[in-house]
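Right after this note come the structures.
Same chain, two partners: subunit A is paired with subunit B first, then with subunit C.
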Partner chain A sequence: MGLLIGPVKGDLGVSLKTNSPVSEEIGPYLMATIELALIAMIIAVVIGVNAGIISAWFQNSWFDYVAMVIALIGLSMPIFWLGLMEQYIISIQWDLLPTTGRDNIRDPVEAITGLYLIDTLMAGRVDQFFEVIKHLILPGLALATIPMAIIARMTRSSMLEVMRSDFIRTARAKGMKMFWVVYKHSFKNALIPVVTVIGLQTGLLLGGAILTENIFGWPGIGTYIYDAILSRDYPVIQSGILVIAFLFVMINLVVDLLYAAIDPRIKYK
Partner chain B sequence: MDEPIIKVNGLRTSFRTDDGVIPVVNSIDFHVNPGEVLGIVGESGCGKSVTSLSIMGLVSSPAGKVEGEILFKGENIANASEAKMRKIRGNDIAMIFQEPMTSLNPVFTIGEQLVETLRIHKKWNKKQARNRAVEMLKLVGLGRAEELLKEYPHQLSGGMRQRVMIAMAMICEPKLLIADEPTTALDVTIQAQILELMKNLNKETDTAIMMITHDLGVVAQMCERVIVMYAGKVIEEGNVQTIFQNPKHPYTVGLLQSIPDMRIKKERLYSIPGNVPKPGTSNLGCQFAPRCSHAMEQCINETPSLLEFNEGQHVRCWLYEDGKGAALHESNIG
Partner chain C sequence: MKKTLALLLTGILALSLALAGCSSSTSKEKEDGKGGSSEAKGGVLIYGKGGDAVGLDPAIVTDGESFIVTQQIFETLVKYGEDDTEIKPGLAESWEVSDDAKTYTFKLKTGIKFHDGTDFNADAVVKNFQRWAQSKDEGRFAYYASMFGGFEGDESHVIKEVKAVDASTVEFTLNRPQAPFLKNLAMPTFAIASPDGIEKEGDDFTKNPSGTGPFKFKSWKPGDTIEVVKNDDYWQDGLPKLDGITFKVIKDNSARLNAAIKGEIDLMDGLNPSDISKVTGDEKLQIFERASMNVGYFAFNVEKAPFDKKEVRQAISHLINKKEIIDNFYESTAEPAKNPMPPSVSGYNDKVEDYDYDVEKAKELLKKAGLEDGFKMDLWAMPVPRPYMPDGQKVAEAIQASLKQVGIEANIVSYEWAAYLEKLQAGEAQSFMMGWTGDNGDADNFLYTLLDKDNIGSNNYARYANDEVHKLLIEAQSTADEAKRNELYGKAQEIIHDEAPWVPLVHSLPQLAGSKTVKGFVPHPTGSQSLVNVSLEN
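Let's turn to the complex of A and B:
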C-alpha cells in the first residue's frame, strides 16, 4: 500500500545507494531531460512540420522526393550510432562543438530552475548561455532525428488529404494567395494528427533517451535510471519509471485538450 | 447590346493521364452578357464544371491544360499568371459550389471566412469589413447575422451554408457569379428558396450568373439563355423559351422528354438510352450519334458544325444541315 499511496504524497522512497529520498534527487535529472527533450522537439517540429507542408504543397517535386527520402533514412537511423558519428566528426575532427556535458564545468552557474538555458540568463551569464546552447546542439539533433522524420511524414499525408477538400477550392476561388491557402486554411485542418504525433514523441523523448543521454554524458533521467539499474537501486528504478509514466500521461492529456482548441467541432463537457 | 462580360472562344481543356491527353472540354464558344442569367445544361461528365474551373483558372496544373481564349473585359485570361488571376477571383468573378456541406472551412468562423474575402481584395479596416459581412448575411436572408459571424459551419444547416457561400461570393460585388450546381445537394424546398435568392440578387445587383446545372427545371425558372453541352461540346444554344418550345437537337429533345410531367400519366419516364461517352474515347463524328435514334451514316464519320436559326438558336446536328430536321420535330414534339 505504501507503494501506491507514497507517490501521491510526494514520497518516492529512499535510494539504496545514496540513502537520500528519490524525490529530492530526481529533480535536477528530470530538468536536464526536459531541457534536452524540449530542444529536440523544437528542432523536430520546426523542420519536420515545414518539410511536410512544403512536400505536400509541391507534391511529386524534387523537394518532396528528397525530403521524403531523408525522412525515411531518419526514421530508420540508429540513434546511438548517429550520436557517436556526430561526436567523432563534428566535435573531434572539426572541433566545432563540445562532445559531452551540459555547460562549461570550470565556471558553472548556480542551478535554480534546473533548466540551464534559463538559469544562465537569470544569472546574467551570456557566455555560459551560449556554452549551454553549444552543448545542446549535438544531443538535440540526435534526439530530434526520429521525431522529425515521423512528424514530416505525418504532416505531409495529413496535408495532402486536406488539400483535396472542397473548402480549399473555395479558398482559392476567393483569390487567396497559395501561401495562405496552405499555411492557414489547410494547415489548421491538418493539425490534429500532427499534434497527436508530436505529443507521443515528446512523451517518448522524456523517458526513452537513455542511449543518447549516456553517449553525450547528459545527466538526465535516462542516465539516472541506467545507473540505478547497474547498481540494483530498485526504489530509484521504480520511481524513475513512475515519473516517466506520469509525464507521458500528462502530455497526452495536454494533447487531448489541444484538440478542442484546434477543432471547434470537438468539445469536452 | 453591351459588350459581353466574358467571351469564350474555342476553349479546350484537356487533362494528361496515364492513357494520354484527354480533352474534357472540346473547343466551345459562348459568352455571358452583363446582368443576364445563362444556363449551362448537360448530363454529368460532359464538361460543365471543367468549363467553369477553366474560367476561374483553377484547373489543376500541370495535369490540366487550357487552350483557346477566355476574354474577360476584352482581355484574355486563359493561362494568365496566378497573380493576375488572384485579383480576378473572388473580386470580379466569384464561384459557388455544389457541396455546401464541405465548401466552408470547418475550423474558421463564418465571420472570419466572409471578412477574409474582403481583406484580400479591398483595403478595408476590420470594422468596415465586419459591417459589410453583416449586411451581406442579411441580404442573403440570414437572420441574427451578428451571432452567425461567430459561429462555425458545422452549426449551420445545408441551406444556411449555401446562403453563406452566396454571401461570400457576392461580398465583393463580382461582375460574374459562376454557380456550379448550387442546389443539387439541397432538398427541394430549400432549392426553391436558394434559386429565388439568386434571382433576386441578380436583379438587385448587376451581377451576371452562369448557372451550371443538369436540372432543366432550374433553367426554366432562372435563365434567359441556355447552352446545352454534350461530351465537351456545345450542341444547342438559344433563348430559354425557344429551347423549351422548339428544341432542335435530339439530345435536347431527349432531355426535355425525361422531365416528369404531372399532367400525363406514363408507364415509365423517358430516359435517353446509354451513357455519356468517356472523355477521349472518340473524336470523330457527332458524339451523341451512338445514343441517337436519328443517327445517320454521316453522323458517325463527320462532325457537324453549329448552325444558326432565328432568335439566336444554334444547333450542332446533321439533321438540320439540309432541312431534314423538320421531320424529327414533327414526330417527337406532339
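Let's turn to the complex of A and C:
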C-alpha cells in the first residue's frame, strides 16, 4: 500500500546509493530533460512539419526526394555518431557553438526553477540566456533528428491523402492561392495523425535520451536512471520510470484534448 | 510560392547569424574579463570527468569519482608521495612507532582550522575514528571495515584504541601489528572531517562537507558540476594556487576530449588510448600519464601438471613477447611487468631481471622437463575488459600463437565473468589470465594477497605456496620499519621471479589530457590526488 500511496504524497522512496529522497534528487534532472526535449521538439516540429508539407505539395520534385532521403538517413543515424560529428565540425572546426553542458561552466547559471532559459531571464542575465540557447542547439539538433524524420514522413503521407480530396480541388477551382490551400485547408485536415506522432515522440524524448545526454554532458533523467540501473539503485529506477510514465500519459491526454480543438467533429462530453 | 520559401530561408539565415554574432561577442567579453583576472589570481580550473560523485563524505564513499573531489576538501593524517605510495606527513607532522609495532603516536600540526571555523586537533581525530569504529555499519563505512578488519568489538578489528594524549598528540593502540597501517591511513577515505559539521549536518554532511583541505565546498548541481573554491585560511602559505576547481561531468570519453579541444575544460581523465594522437597533434593540449597501480598477468595453476614443474613455467615466461602485446592491445599505454606489483608501490624490486623473449631458451628448458615435443593445455581468458586488460581474448590469442612455436597447443577457454572468478578460486583453471588493482598502494596488498599460501582459495588463483616467501611476507607484515619491509619484499620478489608461478604481463597506464596552461599536475597512481599545487599559466 505504501508503494501506491507514497508517490501520490510526493514520496518516491530513498536512493540506495546516495541515501537521499528520490523526490528531491529527481527535480533538477527532470528539468534539464524537459528543457532539452522541448527545444528538440520545437526544432523537430518546425522543420519536420514544413519539410513534410512542402514534400507533399511538390510531390516527386527534387525537394521531395531530397527531403525524404534525408528523413530516411535521419531515422537510421546513430545518435552518438551524429552528436560527436556535430561537436567536431560545428564547435571545433567552425568554432560556432559550445560542445557540452547546459551553460558556460566558467560563468554558471544560478538554478532557480531548473529551466535555465527561464532562470537566466529571472536573474536578468540576457547574456547568459543567449549562452544557454547556444548550448541547447547542438544537443537539440541531435535529439531532434529522429522525431524530425518521423514527423516529416507522417506529415507528407497525411498531406498527400488530404490533398487528393474533393474539397481541395474545389478550393483550387475557386482560385484560392495555392499557399493557403496547402497551409490552411489541407494542413488542418492532415493534422490529427501528425499531432499524435508529435505527442508520442515528445513522450519518448522525455523518457530520456541517454546517448545524447552522455555525449553532451547533459544532466538529464535518462542518465540518472541509467546510472541507477548500473548501481542497482532500485528505488531510483522505479520512481524514475514512474515519473516518466506519468509524463507520457499526461502528454497523451493533452494530445487527445487537442483533437477536439483541431477537428470540430470531435467532441468530449 | 518560391518567394515565400526564399523569404523563410533568408529569415532563418538572418536569425542564426544574429544569434551567432551576438553570442560570440558576449563570450569574447567573458574571456577577456576572465583572462584579466586569471593573471592576478590563479583562475578556476575545469576538471572533466566521467561520472558524478556519489557523495562528498569520504568516509562513506568508495568510488574514484567521489574521491577526486573529496581529496580537495579533506586531508589525511599521512599522505602518499606525489607519484608513488611512499608515506609523507599530512595533518600529522611526525609519528613514532613502538618496537612491537602496536602503538603509533602521531604529532599533529597545530593552528589548522576546519572550513566551518572549528579547530583541528587530537580530539577531532579521535572523534572521526570513533565515528567509524563505533558505527558497526558495514554498508556505510565499507572501507573502514575492509581495511581495519571490521568494527569495535569484532575479533578481527585492528584498532584497539585511539586516544588524545594532548591537544596535538594522538595515540593509536592496535590489537595486532598491521604493516600497511600507515598506508591505510593515507587512503582518501580516512580523511579527517569536522566533527562539528558531522554532528550539525547529520546525513547531509555528504552534501555539505567540511574538512581542512585547500579548497572549500561551494555548490553541487547533481549530474552536472561540483564547485570548490580556494580556502583562504589554508595552513600551507601560498597554496592552493588556483582560485577554485569546477568538476564537470561529461560521460562520453570522446565528447570529453572534444570539450578539452574546444577549451571548455582544462583537464580531463579517461582519455581513450586511440585518441592520444589527437591530443599530441593539438598544440594547445598535453598528455598526462598516471603511474600504474595495477598488474595484468598470465598465471599457471602450479598444482596442475605440467605446470608443477618450474622449468615449464620458466620456458613459457621466455615465450611471451610483452612488448608486442603492449603495442597491439594497449596502444602503447602500458609498461611491461616483471614483478607481481607495479613500480609505484614501495618495495618494488627493480633489480629483478625479466625473462627475455627467447624461443631457443624456452626449448632448452622444455627439454629439461622432458616436454620437448610440446603438450596440450587450457588457457583461460577473461570475458570482459578490465583496466589492466582491455581485451583478454585477443591477448590470449597472442599467447596461444607464441606457445605454438614450441609445439604447445593452447585451447582458449572462457566463462561469464562471475563464473570465471568462482572457477579460478576453486582452482579449476590450468592456466589463466587475471589482474589486480591495488587498494592502498602497499606491497602486502599485492604479494601477500595474490601469492601467499594463506590466500589459496581466495585471491591466490595460481595456488602458489612457498614457505620461504610466506615467512618473508609474514615477517614484513609485523615489521613497522619501512626500509626493512622493502628489503623483505624485495627478496620475496626474487624468489617469486625464479619460481615463475606467473608471467606478469603489464602495468597499464591510464591517460589524461589537459590544456598546456595546466602546470604542476601530477596524476597519482591511486586515481585521485589533491590539486593544491596545480596552477593555470599562459
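We take it that the second predicted complex is superposed on the first by the 268 of 269 C-alpha atoms of A that agree within 3 Å, B and C clash if a C-alpha of one lies under 4 Å from a C-alpha of the other, contacts with A are read in each partner's own complex, and residues count from 1 in each chain.
We take it that a contact is a pair of C-beta atoms (placed from the backbone, for glycine too) under 8 Å apart; a residue touches a chain by one contact, two chains touch by 3 or more.
Not measured: the values here are computed from a predicted model.
Colleague: Both complexes share subunit A, so when I overlay them there, do subunit B and subunit C fit or clash?
Modeller: Taken together on subunit A, subunit C would fit alongside subunit B, as the superposition shows.
Colleague: Figure out whether A:174 sits in contact with subunit B (first) or subunit C (second), or with both, or with neither.
Modeller: Only subunit B is touched by A:174; subunit C is not.
Colleague: Quick one: is A:125 in contact with subunit B, with subunit C, with both, or with neither? Answer first, second, both or neither.
Modeller: Neither partner.
Colleague: Who does A:108 touch here: subunit B (first), subunit C (second), both, or neither?
Modeller: The second partner, subunit C, only.
Colleague: Which partner, once the models are overlaid, touches more of subunit A's residues, subunit C or subunit B?
Modeller: Partner touching more subunit A residues in the overlay: C.
Colleague: May I ask you to decide whether A:185 touches subunit B, subunit C, both, or neither, giving the answer as first, second, both or neither?
Modeller: In the superposition, A:185 touches subunit B alone.
Colleague: Answer with first, second, both or neither: which of subunit B and subunit C does A:156 touch in the superposed model?
Modeller: So A:156 meets neither subunit B nor subunit C here.
Colleague: Can you pull out the angle centred on subunit A between the C-alpha centres of subunit B and subunit C, to the nearest 10°?
Modeller: The angle comes out at 160 degrees.
Colleague: Does the superposition put A:264 against subunit B (first), subunit C (second), both, or neither?
Modeller: It touches subunit B, and subunit C stays clear.
Colleague: Examine A:135 and indicate which partner it touches, taking first as subunit B and second as subunit C; both and neither are also allowed.
Modeller: neither
Colleague: Across all Cα pairs of subunit B and subunit C, what is the smallest distance in the superposition, given in whole Å?
Modeller: 12
Colleague: Can you give me the overlap between the subunit B contact set and the subunit C contact set on subunit A?
Modeller: In the superposed arrangement, which is not itself an observed complex, subunit A uses residues 178 for both subunit B and subunit C.
Colleague: What residues of subunit A sit close enough to touch subunit C in their complex?
Modeller: 17-20, 25, 28-29, 32, 54, 80, 83-84, 87-88, 91-92, 96, 98-102, 104-108, 111, 127, 130-131, 133-134, 178-179, 213-217, 219-220, 223-224, 227
Colleague: Applying the document's contact rule, which stretches of subunit A touch subunit B when the two form their complex?
Modeller: Touching subunit B from subunit A are residues 165-167, 169-178, 185, 188-189, 262-265.
Colleague: Which subunit C residues qualify as touching subunit A in the complex?
Modeller: Touch list, subunit C to subunit A: 1, 4-5, 19-20, 22-24, 26-27, 29-30, 34, 44, 46, 51-52, 54-55, 203, 206-207, 221-225, 227, 246, 248-252, 254-256, 258-259, 261-262, 264-265.
Colleague: Can you name the residues of subunit B that touch subunit A in the complex?
Modeller: Subunit B reaches subunit A through residues 56, 58, 82, 85-91, 94-95, 97, 99, 102-109, 116-117, 120-121, 152, 154, 165, 168.
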